[in-house]
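There are structures below to look over.
Paired with chain B in one complex and with chain C in the other, chain A is shared by the two complexes that follow.
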Partner chain A sequence: MSRKITIDPITRVEGHGKVTIHLNDQGEVQESRFHVVEFRGFEKFIQGRPYWEAPVLVQRLCGICPVSHHLCSAKAIDEIVGVSQSDLTATAVKMRRLMHYGQILQSHALHFFYLASPDLLLGIQSSFDRRNIVGVALDYPDLAKKGILLRKFGQEIIKVTAGKKIHGISAVPGGIHKNLSLSEKNLFYQGGEIPTIHEVMKWAQETLEFYIEYHKKNKSWLEGLALCQSNYLSLVRPDGAMDLYHGVLRAIGPNGERILDDVDYHTYLEHFAEDVKPWSYMKFPFLKKLGIDRGWSRVGPLARINTCDFIPTPLAQAALEYFRCYHGSRICHTTLSYHWARLIELLHAAEVIAQLLDDPDLQQSSLIVTGQRAKTGIGFLEAPRGTLIHHYEVDEKSAITMCNLIVSTTHNNEAMNRAVNAVATQYLKNNQELSEGMLNHIEVAIRAYDPCLSCATHAIGNMPLHVSLFNSQGHLIHERYK
Partner chain B sequence: MNDINDLLIQAIGNPARGDDGLGPRFIEELSKRAMLATHTQWDYQLSIEHAELFSKYKRVLIVDASKSGNGPFQFSTVLAGQNTYISSHILLPQNILALTQLLYHAYPQVYLLAIKGEIFNLSENLSKVAEFNLYETMRFVQTTFNL
Partner chain C sequence: MKEVSFKIDGKTYKAPLGENLIMAAKRNGVYIPTLCYLEGHPCLGTCRVCTIRVNGRSMAACTLTLTENMQLEVNTSELQDMRKAIVELIFVEGNHFCPACEKGGDCQLQAVAYAMDMRVARFHYSFSPYRIHYEGKNIILEHNRCMHCKRCTNLFQDDQGYKIFSFINRGSKTRVMIDLDREKLLSAEKLREAKQLCPTGAILLQGGGFDRAIGTRQYDQRPIGVIPKGEK
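Moving on to the complex of A and B:
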């Protein structure tokens, strides 16, 4: 008899999602779907508000990556006040960059140590009761402590640049509200409550080395789970370097061929469209020239590692070269290599922070510039989870009349659906009994993308996963909640 | 319970979600009553770095809003625990305490004060019921912790 499986909620992701798996009469996977079932409609909520409120309001989309929304919105609102990125003062740009790389560092540390490491270090089939951060702390206390301190360092960088650790206020139309005082700068060199930048760089390297050794020992399952060939999308610097704050838009195909060849991101509506499915609130963006079926792309750390020509900091560049050499290819399609790529970016973020902290421009006092008012503003940013898009239109009374937000997780929607299907097909055969460990394989594939389902549906919420199993008659025959 | 320097009051909540702002309001009211010698902090949620923070105190009082329970508030002692639901980035008080003990070999006494709320919609104001419950809770805390 055919069956349908439901995993709801999916755990250790930010947001509430569920998975349904339909089995045919032979007990084989017929179709799998990753549903996102939260909805709030933030794009409507923000309409009518004055444009200068946007960088503060949009942070309420998420308690995990508010800095990304704050900065992306600020970049768009700069254009509303007639200020391009090249018009901003050096202090404003560098303060924003410092804030952004602090966010990348803390977010990547949190994901690796807290959300991903329980699967990787304790075993994907280990006891559910133990497979969490407390279990990691029991077996790997030094690693867990480093994770906490890396996250703390990133949070403190955000605090001194954004004014607060969460929902900061410092990026304003045309610039930045504050500079970095020498006493604030010294917090990151003196040690004590906050680790020094030198310690952070050392720990980032050690964590990457730890992961590489782990990967070598577990190569088979890490490279085999949810393998998926895809397009990749990200911003890159005009010279092809990785740049997580600003750049041109590059999309490549599975063999590295250019689909979008470093285009100005203001033209994004010419290149992208979004599909909707009746069973999910999360949309499916795609490149128009390739169509719905072939035009979807992956974004985030693995995508950025694939799209960039090089990383402009020495330690991360060396790590990139080793990564490509190890995989034997310029393009890596291994889904679980998102973790490796994320740790390379964590190291890169630490290096960028070190460079910026040493830059005297951060102590200058020229913070805000003004320009000629415009009606439209578009901002792009590489958020921890991938390419983030904020687009606003305002009327003559300064009220926002249109808001379009395409968040990182949304780009990965099709990839996550395919990952679920690939894992379900691989592991659920012959009507076998479902085990929690088996279902966790599905969650591990989703978790590699570090999805933020709250952002993707612009929802506030509880975030967990629910898997349901349905037979060929559409009857629910098994489900699991975690 | 007289050494308030050894006490951290950690509030949890979102002041933009109506009565979910009870925790932050609790801290605000505490500040108004000039109890500044007590270390206080509020965050939207508990996260892993709280494990390190808690290790620096003998006692930690976590103040949060609650949707259920009898009476204006519920006061309980937190016991370290691993075998609990860990889903998103949010950690439960018992998980934080377990991490504090495992990683920092510190054993603070941790208490949970859950103040009953009624309306959790988008709003920066507390409901009347929540205001009353907050008042009752403040009296209890002042007496119990000798603030």
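Moving on to the complex of A and C:
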């Protein structure tokens, strides 16, 4: 008799979702589904609002990565006011970049130290009560302190560039409404409550080294869990360098072959479509060229490490070379290597911030440019969790008539479903009970992608874990909550 | 002008006879919240946010002038809660989503709500249903934020002295409308004046807001209700 297992809700990710596992008559895993079960409908209720509200309104999708939505929306709205990215003033572009890399730094620090490190450092089988940032702080006080301060540094960068640590308002159509004063710049050199940029770079490097040692010691389970081959998608700079703010669209296959060869992101509708499943509010984007079954891609840190030719900052580039050398391949498919890739990006973000803080353009006063109004604006950005797409259409009266958001986590939807399936298949091979070990491993596999389900469905909520097991007649035969 | 004595919450103050009560209180460092009232203009008395108790009766302070030996109650907990309830009712009647409103930081309604420590409305939201009015050349009317204070309809005039805002419909369907022919001719300065005159974000201008950094907006610099020593 077939069965179905449900995990609801999943913990230590941003948003609300659950997992169901369906067994066939032989008791084998037939299908696993990662359901995202809440809905807010930003794309609908933004219709009718004036276009300049979009960067401020849409960022309310999320409290973790609002900067990504703010900037991606601002890039799209720049086009509505007839301003291309090359038209923006140097100060506007660099302020936005500084804000964005501050966001990457704080979000990656949040994920690694607060969300992922309890599993990695305390062990998946450790007590649930202890497996959190407090547990990490008790066992690894120095590391936890650095993690908290790294995040704080990123948030302070956001504050001086966006006006607030969360939900700032500085990116406006055609530019930015503030520059970086010298006193604000000095905050990041003088130490005290905020670490200096030099400390941040050192700590980012130390954390990466710490993780590499950890990875080496735990190679077998880290490289075996939820392994899957996939396509990878990200923006890259036209010369192939990693660029998290702007670039051309590159998609590669499992062997590194180009599927999208550095195309202009304004053509995304020619390349992408979205599938909808009745059991989830999160859509399934895919590359039209390859179809629904083969066209899904992974995005985010591991994808960017795979797609880029190089990283344009020296420490992160050295880390990338070591990463590729260690894995013995140009393309890495190891799901838990998302953590490693994330820490390389954290180091890269620190290096970029150091370069930008030193740039006198940030103190210039030319902030906003104007152009000829257009009806459509499309913005792409590499958010901490992957490729983010904002697309707006605006009528001649300034009202938004259409909004399409494809957020990073959505691209990873199929991959997360497969990750759950891989873990469930492994654990339910000989035993059809929902063991603690299985629940933990499913969570760890999903968490590697750092999914933000609030963004993905434009929904909100906490996310504890609920797993249900259903038989072939659809009857619930076992469920567990955590 | 002759000065007279009056009492606020049992304490004796002095102010010129016939002065508006809002100003007489302010002169003595006592803040009475207001929304429709605008210093130097005729009182409108529409919002009732300045409700105080005068000689035992609840009245709108902006509608009254000072007389000898007036006994005013301003900051009793009952009156504070009553005024807060009025502000909450304004919030639930419209759609005042401050996080995405370009008037944030410059909005008097938001500032008053902060000053009253309003965290949440105790009443049900009415889910204001209006579409944004984009028919003006420069002015956009966000009816869902209009609190019908009459500032724009009664106090705003164009350069030729014509009033260009007026109410249409009646009762709960009352809305502000603009004279589209005269609105086209407004100078940039007059347009800014219209936007600033609105105590909420109901009057917007084409081309956008969010033009000033957090920390530089009107109520970022000085929260409403803070009366520096010596300011009269």
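The working rule: the second predicted complex is superposed on the first by the 472 of 482 C-alpha atoms of A that agree within 3 Å, B and C clash if a C-alpha of one lies under 4 Å from a C-alpha of the other, contacts with A are read in each partner's own complex, and residues count from 1 in each chain.
Convention: a residue touches a chain if its C-beta (ideal position, glycine included) is under 8 Å from a C-beta of that chain, and two chains touch if they have at least 3 such contacts.
The structure presented is a predicted model; accordingly, all values stated were derived computationally and were not measured.
*Asks:* I want to verify the contact counts: of chain B and chain C, which reaches more residues of chain A?
*Replies:* B
*Asks:* Pick one for A:Glu270: touches chain B only (first), chain C only (second), both, or neither.
*Replies:* Neither partner.
*Asks:* Is A:Arg130 in contact with chain B, with chain C, with both, or with neither (first, second, both, neither)?
*Replies:* A:Arg130: touches chain B, not chain C.
*Asks:* With the two structures laid over each other on chain A, which partner does A:Ala144 touch: chain B (first), chain C (second), both, or neither?
*Replies:* Touch status of A:Ala144: first partner only.
*Asks:* Pick one for A:Asp293: touches chain B only (first), chain C only (second), both, or neither.
*Replies:* neither
*Asks:* What is the contact status of A:Leu110 with respect to chain B (first) and chain C (second): first, second, both, or neither?
*Replies:* First partner only.
*Asks:* Applying the document's definition of touch, where does A:Arg49 land relative to chain B and chain C: first, second, both, or neither?
*Replies:* A:Arg49 sits against chain C, while chain B stays out of touch.
*Asks:* Pick out the shared contact residues on chain A: the ones touching chain B in one complex and chain C in the other.
*Replies:* Touching chain B and chain C on chain A: residues 60.
*Asks:* Could you list, by residue number, the parts of chain A that touch chain C in their complex?
*Replies:* 48-53, 55-57, 60, 163-164, 167-170, 172-173, 177-178, 397-399
*Asks:* Which residues of chain C touch chain A in their complex?
*Replies:* 99-100, 102, 104, 131-132, 134-135, 140, 204, 206-215
*Asks:* What does chain A use to touch chain B in their complex?
*Replies:* Listed in rising order, the residues are 9, 11-15, 60, 63-64, 110, 113-115, 129-130, 132-135, 137-138, 141, 144-145, 147-149, 151-152, 155, 165-166, 460, 462-464, 482.
*Asks:* Spell out the part of chain B that touches chain A in their complex, as residue ranges.
*Replies:* It is residues 16-17, 43-45, 47-49, 51-52, 82-83, 85-89, 91, 95, 98-99, 102-103 of chain B that touch chain A.
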